[in-house]
Structure formats: C-alpha cells, structure tokens
Amino acid sequence: MRDVAVVSFAQSATRRDQTRNEVEILLPVLREAMAPTGLTTHDIGFTCSGSSDYLAGQAFAFVSALDAVGPWPPIQESHVEMDGAWALYEAWVRLQHGDIDTALVYAFGKSSPGDVARVLSLQLDPYVTGPLWPDAISLAALQARAFLEAGHDEKDLARVVARSRRNAVGNPHAQLSGDIDEATLLDEPLYADPLRMHDCPPISDGAAVVVLAAGDKARELCERPAWIRGIDHRIDVQALGSRDLSQSASTRLAGEKAGVGGRADLAELHAPFSHQELIVAEALGLDETATSINPSGGALASNPVMVAGLVRIGEAARRLSAGEGERAVAHATSGPALQQNLVCVLEATS
Amino acid sequence: MSGQLAAVLGTGQTKHVAKRDDVSIAGLVREAADRALEDAGLTYADIDAVVIGKAPDMFEGVMMPELYLAEALGAIGKPLIRVHTAGSVGGSTAIVATHLVQAGVHERVLTVAFEKQSESNAMWALSIKIPFSQPLVAGAGGYFAPIIRGYIRKADAPLDTGFQVVLKDRLNALKNPYAHLHQPDISMEQIIESPLLWDPIRYAETCPSSDGAAAMVIGSERAADASSRPVAWIHGTAVRSEPTMGAGRDRVNPHAGRDCAKAVYAEAGITDPFREIDCAEIYVPFSWFEPMWLENLGFAEEGTGWKMVHDGTTALDGDLPINMSGGVLSSNPIGASGMIRFLEVANQVRGTAGEHQVDGARKALGHAYGGGSQFFAMWVVGKDKPK
Amino acid sequence: MTAEPITGIVTPIRLDYTYTPGTSPSQFLRGMKEGRILGRRCPSCAKVYVPPRGGCPMCGVEFAEEVRVADTGTLVTFAVVNVNFANRVIDLPYVSGEVRFDGSDTTSMVLVQGIPVDQVRMGMRVKAHWLPRDEWDFTFANIDYVEPLDEPDADYESYKEFV
Amino acid sequence: MTEVLSAPHSMEFPYTRSTGPMVGAFLTGLRDRRVLGVRDSAGRVVVPPPEYDAGTAAVLPADELIEVASEGVVTSWSWNPKPRLGQPFEQPFAWVLVQLDGADTGLLHALDAPRDAIRTGMRVRIRWAEEPVGFIKDIACFEPAP
C-alpha cells in the first residue's frame, strides 16, 4: 500500500449554531485546514465528504455544501451518506492509485435543528422496529445495561465521563469540559436508566476538514505527518436483540485488520455514550494505563453527528504531528449501538 | 492510468416497474445482487466488500438504509460503504467499488444501487417545502425545460429531435426484458399527441418513476482471469463535479461533463471517441438530453448533436448506438439509473446484452449525471484487457 | 373466513425541525421583507449572487459587499407549464421563467405573467410585480411574478451566458 | 444586522411499504396473536425473523416459520424518561429486549411496569392490542407475567 498521511486538520467549535448554515460553518474550517499546506482547491487531487440529509431535514444537503469548496474549474469529488471518517477511507483508497497525491476530506452536520435522538431512529429496520420510534438514547441505554450486567460497574462509566470532561478542558472545540470527580457524577440522578445525563453526548453542530497526502508530498506539506498504517471498517447485524451488546465484534475485526495490536500512545475513540468507550477500547485491546484515551475529551465532550468520527482521526493525527506520541488509534462508529465501526492506525516519527 | 486492472465479473438487475409490491426494500436489492453473483458464478462468501448507492434517503424514509440492509447484502463482518452523489450515484457507486479493486484493497467487490420510489413519492421528496424558500415552481421538468429551450436556441435544433429520441429508446426497450416501459404500439403520432407538460417537454419525453435495483461484481485481474464467464475490463473511470449555483456556469454543455469525458477517454487511451467507442448508455431523463450529451461527451461538435439523432447514428443499428436498453426514458429507479447505464455497457462488451446486443461491441461508454447537471460519473469498458 | 396475509403496511413519518437559513441568506430575506433584492459580490471574481448563500461557489471564498439589484431584468429562458405540481395551483398554462435581474450575475426562477403564454420570448425585458406591501414577508415569493416591460428585447449575445 | 431568521420546518409522509414474504408472514402472525421466528444457520430461532441469514447471507425460509411463546424473559432494559412522538407510551416507560420462550434472540418493545419492579431476567408476556391489524404495534407492549 502507498504511504498516505494526514497533513492537516481543522474543526469548528461545536455547539448549537442557530445563526449559520452548513456552508457558513464549513467555509472557515476549510480555509483553516488548507492554510498550513499552502494548497488551494485546484491543487487537490480528490475531494470526498460525509453528511446525512436527515439531520437537517433537507434532501441534497451535500450539494450546497460542495459550493464551500469552490469546485471550479470542476473537481474530482465524491460523497458518502456516512460519517466523514468513511469519506476519509474513500479518499485513502483513491490515493492508492498513485495518479494523485493529495485529497481533501470534509464532514458537516447540524444536529440541533431536529430532535437528533429521534431522527436517528429512522436508521432502524422500517418494518418491525422503526415504527416504534426507539430513540438513540434509549437504544444506547439498553446496550449500557447489557454491558454493566456483563460484569462492569457504573463507577467505570463515571470514570470515563470524568476523564472526558477533564481532558476537554484543554480542547477549545469542546462543548462540555470541567473538573468533576467521579463521586459527584455518581450522585447525579439516573436519566435513561442505567445512563445518567452526563453519560450521553451533547447536541452539537459542526464541521471538520482533513487534508491527506501521499509519500513525498506529505513530507513536503507537513513537518511531521501522521501516517496511516492501517485502516479498516466492518459492520454487524443491526437488530439489537441478535447481537451481544456488551461487545463490539465489528470493532474487534476492524482493529485486527487495521493492525492495532493493542499498542498506542493515544487513542481517539468515537463513543457518544460513556459505556461505548469501554466496549470499543476492550475490542481494540487498548489499556488505559498504557494508552491515553480520548485526550480531546471525545464524543462525550462534543458530538457533531456525521462529523465526530472524522474528528477522531483528525485529533489523533494532530496530536501525533504535535509530538504527543508516535502511534495512535482512531475509531469512528455509525448506526444504532455501535453497529458499524472504522479503525485507523496512525504513526508519526521525527 | 490508475492502479491495478479491474473487470466486471457479473451483472444483475430487477425488472423495473412502477411498484414492486411483492418485496421489501431488502428483497428488491437482494434480487439484483443475487443475479449479479449468479452471473459471475460466485457466492456471497466470495465477496470482500460491498458498496451501495442510492439517491436521497427521504425517497424510502429510511436514514442510511445500508445499515438495515447489511445482512441482505451479505455484508455482516465486511466493509460496507454507502455513496450518495445525487442522480449520478449509480455511476459513482460503481466507480468507488472499482477503486477498491484497482487500489489493491480487495479482490472482489459487490456493488449495488437501488430506489424503491413507490414507498413514497419522488415528487413529494424532491419538493419538500423549506421555510423562506420558493416552492420549486414546477418540479424537475420545470428546472430542466428552460435548459432544453436554451439548447434548442443555441443549436438551432429541429423541434422534433426529442420525439425521435423517445421513439428510438422506447423501441429499444422492447428488446430489453428488464425495461419498465414496454410500449409495443409506440409511434411518432402518439408521442406528438402526448400532453405538453413543460413546453418544450411532452409527457412521452419524460422518464417513468420506477422501483428497481442493479448490481455488479467487480473483480481484480486475477479474479477476472480465473472466471469462466465473459468479463468486461474497466479501461477508465472518471468523476467530475461543479457548483450548482455558479454564476456563468454553462448548464447546456457543462464544463464538468466535458472534463469528465476527456479524463475517462484519456485513461482509456481513446483519442477519437466517435470512432473508438462502439456504443454508449448515457443518462437521458428527458429526450433532449441525448443530443446535449452527445456534444458534451465529444461525440459531436457543439451545436450538432441533434443531427446524429435525425440521421440514425444513435439507432441500435447506427454508427454509434445510444441507450440500446431503452435508457432512463424507459426505466428510472433514480438511485440505480446510473448503475444500469454502467452495467448495460458492461454487458455489451461481454456480449451478454441479449436482444439489444450491438454486434461486435468491443468498447463502450457508461455515463451518469446528477444534481443540476453538475455531478458526472463515467466509465469505459472493453472486451479486451487494457494494455 | 381466512383473512388475507399481510403484504404491506403504512408507516407515517413526521419529523419536526427548526430551520435556520443562515447569516447570508437571512440578510437577503430581510431585504425582501423591505422590497429590496440584495445580492452579494464575490471579492475574487466580482460576480453578484442573488440570493447569496455561504460564499462564492466558483471561488470558494466568503462574499464581500452587499449589492442592491434592480427588480427589472431579462428573461433568459423559460418553460411553459401545463400541469400543476405539489401544492402550487396556478391557472394553466403558465410560464416559469429564469430571470437575470439587472445587476445580478445569477438567474432566479420566477413566474411570468401579464402576457399571453405564446408570446413569451427569450430575451424579453421584464419587471418584478410585488405582492401588496402589507403581505411582504421574509421570502423571495414577495415577487409574485414578473411582467413584460415596454422595452425592446435584449440582444441574444447579451444574455447568452446565462442560458 | 446580525439577527438571523428561523422557522419551524416539518416533513411528514405516510410511507407505503411492501413487506415481502418474511416480514409479511411475521406481521400476519401478529394479527393472529402469534409470534413467529425463523431458525438461522447457527441454529438459533431469531425473532422477529430476518429475511437473510446474518452469517451466511442465505435466504431464510418464510414458509418454515416457528411459533414461539408470547411470554419470555427480559434480557436488557432501559428507562425512557422522555417519550417521543410515535413511541408506544406518552408517559415515561421502559424499553425491553425480550427473549420469548422458544426464541434465542431478543425482541425490542416497550414494557408497562413500574420502574422499581423491572429487572433483567424478569418474566414478561405480550399484551395484545385490542384489534390487531398486522403491525408491530399489535403488540401493545409487554407486561409482567403473573
């Protein structure tokens, strides 16, 4: 495989944004990501984006978002109706051909215009599950119970949340941050029993942009590129009652294929709910004592749907490029209760 | 040239109809996928990854339906990617699948595209009223009819050009068992007398609304060499996009379409497309887009595409047969329509197109477009392995 | 009596959102509320967009100055519509036109009235017919339709690039 | 002029879905107050019956469905503090995964029981809708089994 690296990353502040549309959120982030590379749209070999029409309730949302790129003269471009992490995967595949050296990946999404937990129930089979409208929080809570009853304690969840809030203090893009101890968190009432409010993600609008480059081009554009050493994604059956919810088989498989090997200085795991971080870390064989998990605060600190997975890869890469480690694992998820998962192994050396 | 060689190992599609009320969404998609695997002599166990495409999720009212479709697609434990690039999606989905093979990531990829329009109503889904905005004044035809008027003015084309296209395509459709519209009595008179919906577009000059799915298995050189079935070698693929709202953008002869054609010919080593391409399936939802795309694709000089319609060049027995299957004018399961174009030309060079086979077709072009004529996806396939 | 097996179901889907058009479109809509067509100019290519969205799609940059555009313009192309779609009910046939308002570099889709349908021409000069002032809202639909101006048709070359 | 506009935006459509044989047979069963499952390649009885096998992708036989009990055991549950439009109850309620007797997988639905009484492992039974029509809501909810 050709060596491909993340050479630049930018993201918007994530919050409910009631003034700007998607294009207006995306444009400054695009500019910020492109600036350090010195590239313009015309220098980019391939562009790929991720988004979902249902978030804001408009068909073809990606069509107007493309305008932000300024695709003129016409560009090579594609779009996945998925989290931007899968757009990055498509771009990585495209770079393997060898005829182009750079790719631009972006994702955008506004979760605040609708009731996103209810909107997401449209992902369920439309015959025997969807008509009951089970919302994403309720389904995650069913999974959390299965996880807890498989031999875990709610203190584990509180520990994840406390670390997320603490780590997010250093992340200017995060929505939720602070120094809260686990005991205080456990004093809070149950919300979607067994989950407390803080075990669930905030409602976030946002955009993220990654620039990829191959081989010498990456070394030219970035002092310390974050090289993609492995990337893979897998999917499980959807029906919640047909899988072991306390584990993630597809994450485990994707991790094996991507070559995680249980080793990483840091990991950015796309876990919108606290228990999901523990399920994913376990599936990837990552140990908190050896690996810094979600140094950004992760999706518990900010969760722009369709963007948060790409942010994990961007955050992991950014930290490696800044010298915070030499090897990182990034993970993205999609579908109800961790149905589909992508794992990316990144490395950077001086 | 990009990456390793890839080929179409098998194709499958459903009989396109207004309403497939005997199957679920999964059943529809699966029917095409099963046929593609059977055609390739393979099973789901032989497939490394699945790439699926469709137009807006609101058509079926399922958000990212590939999640629910994972087991129907045999994708459990495998990579599954969902593409959405508006009307061109069927083409760009096939291209993503091709890239996975050309990049050396996978040996055999199943690619599927579908639309089950009868679950809702495309007219509703495409005209959801957004606050503060004007309602789209007159549907999709209302958007494209002024562009067609622009073409007629620019090319000074005879007004019956569109009728000739419809007559040809609907007669071709009679030779295609999968086509939605089978109108054995179709005549010029019938077309001319059909209601004038959006002048200059008559009812007979518009595509139907269909339920349908299409699928292909794309394999590596090794997989293709090992196949006992005829394969279609992929000589070139290209995608191009431009903005919808760009000031001064030429919507009659879009820049992105011209660039995309140039790129796909270059990759396929084609210097004279009219001579070197034996036949093409191009995305023609309204009759007049045939002459427009003939020019955009470099088959005809600007302003002269309509002449090829009138002199029989694009007929099934002409020098450059276009839409041998009956085209989008005869079947339009929106998200699948682009893939059907790609699949039909693969069948042509494999020699498996059946009654609408073009004798001796060795090299063919598949074309899809979408949005406001701004997204383009194309491929060139050939009977012979690329050199 | 044996009931027929189930072969179909109806699943009603209703989703409620709060729609925000965004900063640039909001300014445009506020202009409409006051009876003014406000475009914005791209600082790079100098083209004026009506309505403006996030930025210039040809250049990928944010818009600069606001530009008031005239409510007169040229009908660059059109369709004669003989069927009513969705929730729009107008006397048939009617003309759906694309008008380049003077001072703008984009076209807007708008109804053409005040002239027999068979006399509508490309290049025709037109003027906006606004709804009564007390009906103005934050929408482009304040322009009910355009009607012919008593002016010679524009020369084809002058509007060809917008067709 | 920094103030921006916003307005309610609703999308509403009654989707007409053809079920195909497998989903149709399951829903027909519900109308007759019977719950049907199918045996997959791993030997599990799966309820509701999927059309295709998760392990082998094989078509599962819609004409060989297996009736399971209308009573079973809760395998997981969660409390829904904020019921939403379309859900089975308007007041806070529990979602449950229930493994019906004779089945090897869980069926997702609502449980009508006081929050304090709900436990994983508790026995529950189906409360049928008064007039079943062949829809998942023919199961009105689960209730504690006596």
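A few remarks follow.
Chains here go by letter, A, B, C and D, matching the order in which they are written, and residues are numbered from 1 within each.
The rule is short, and it goes like this: contacts are C-beta pairs under 8 Å (C-beta built on N, C-alpha and C of every residue); 3 or more make two chains touch, one makes a residue touch a chain.
If you're wondering where the values come from, they're calculated on a predicted model, not measured in any experiment.
Among the remaining chains, those touching chain A as well as chain B are C, D. Chain centres here are C-alpha means, and the one lying farthest from chain C is D. Put simply, the C-alpha centre of chain A and that of chain D have 30 angstrom between them.
The centroid of the Cα atoms in chain C and the matching centroid in chain D are 46 Å apart.
Between the Cα centres of chain B and chain D there is a gap of 38 Å.
With touch defined as above, residues shared between interfaces to two or more other chains in chain C number as follows: 7-9, 11, 13, 15-23, 25, 29, 53, 56-58, 138. Within chain A, the positions touching two or more other chains are listed as 18-19, 54, 57, 64, 66-67, 70-72, 113, 115, 118-119, 122, 126-127, 130-131, 237. Looking at chain B, residues 21-22, 24-25, 58, 60-61, 71, 76, 124-125, 128, 130-132, 243-246 sit in touch with two or more other chains. With chains as nodes and touching pairs as edges, the resulting graph is complete, every pair of chains being joined. If you check the complex, the residues on chain B that touch chain C are 21-22, 61, 123-124, 127, 129-139, 141-143, 145-147, 149-150, 153-154, 195-201, 243-252. Across the interface of their complex, chain A is touched by residues 1-3, 24-25, 56-58, 60-65, 67-68, 70-71, 75-86, 92, 95-96, 99-100, 102-105, 125-126, 128, 130, 238-246, 255-256, 259-260, 371, 374-375 of chain B.
Across the interface of their complex, chain D is touched by residues 19-27, 30, 44-45, 58, 60-61, 71-74, 76, 118-121, 124-125, 128, 130-132 of chain B.
Those residues of chain A lying in contact with chain C across their complex are 18-24, 26-28, 30, 41, 54, 56-57, 64, 66-72, 112-115, 118-119, 122, 126-127, 130-131. Residues of chain C touching chain A in their complex: 9, 11, 13, 15-25, 53-62.
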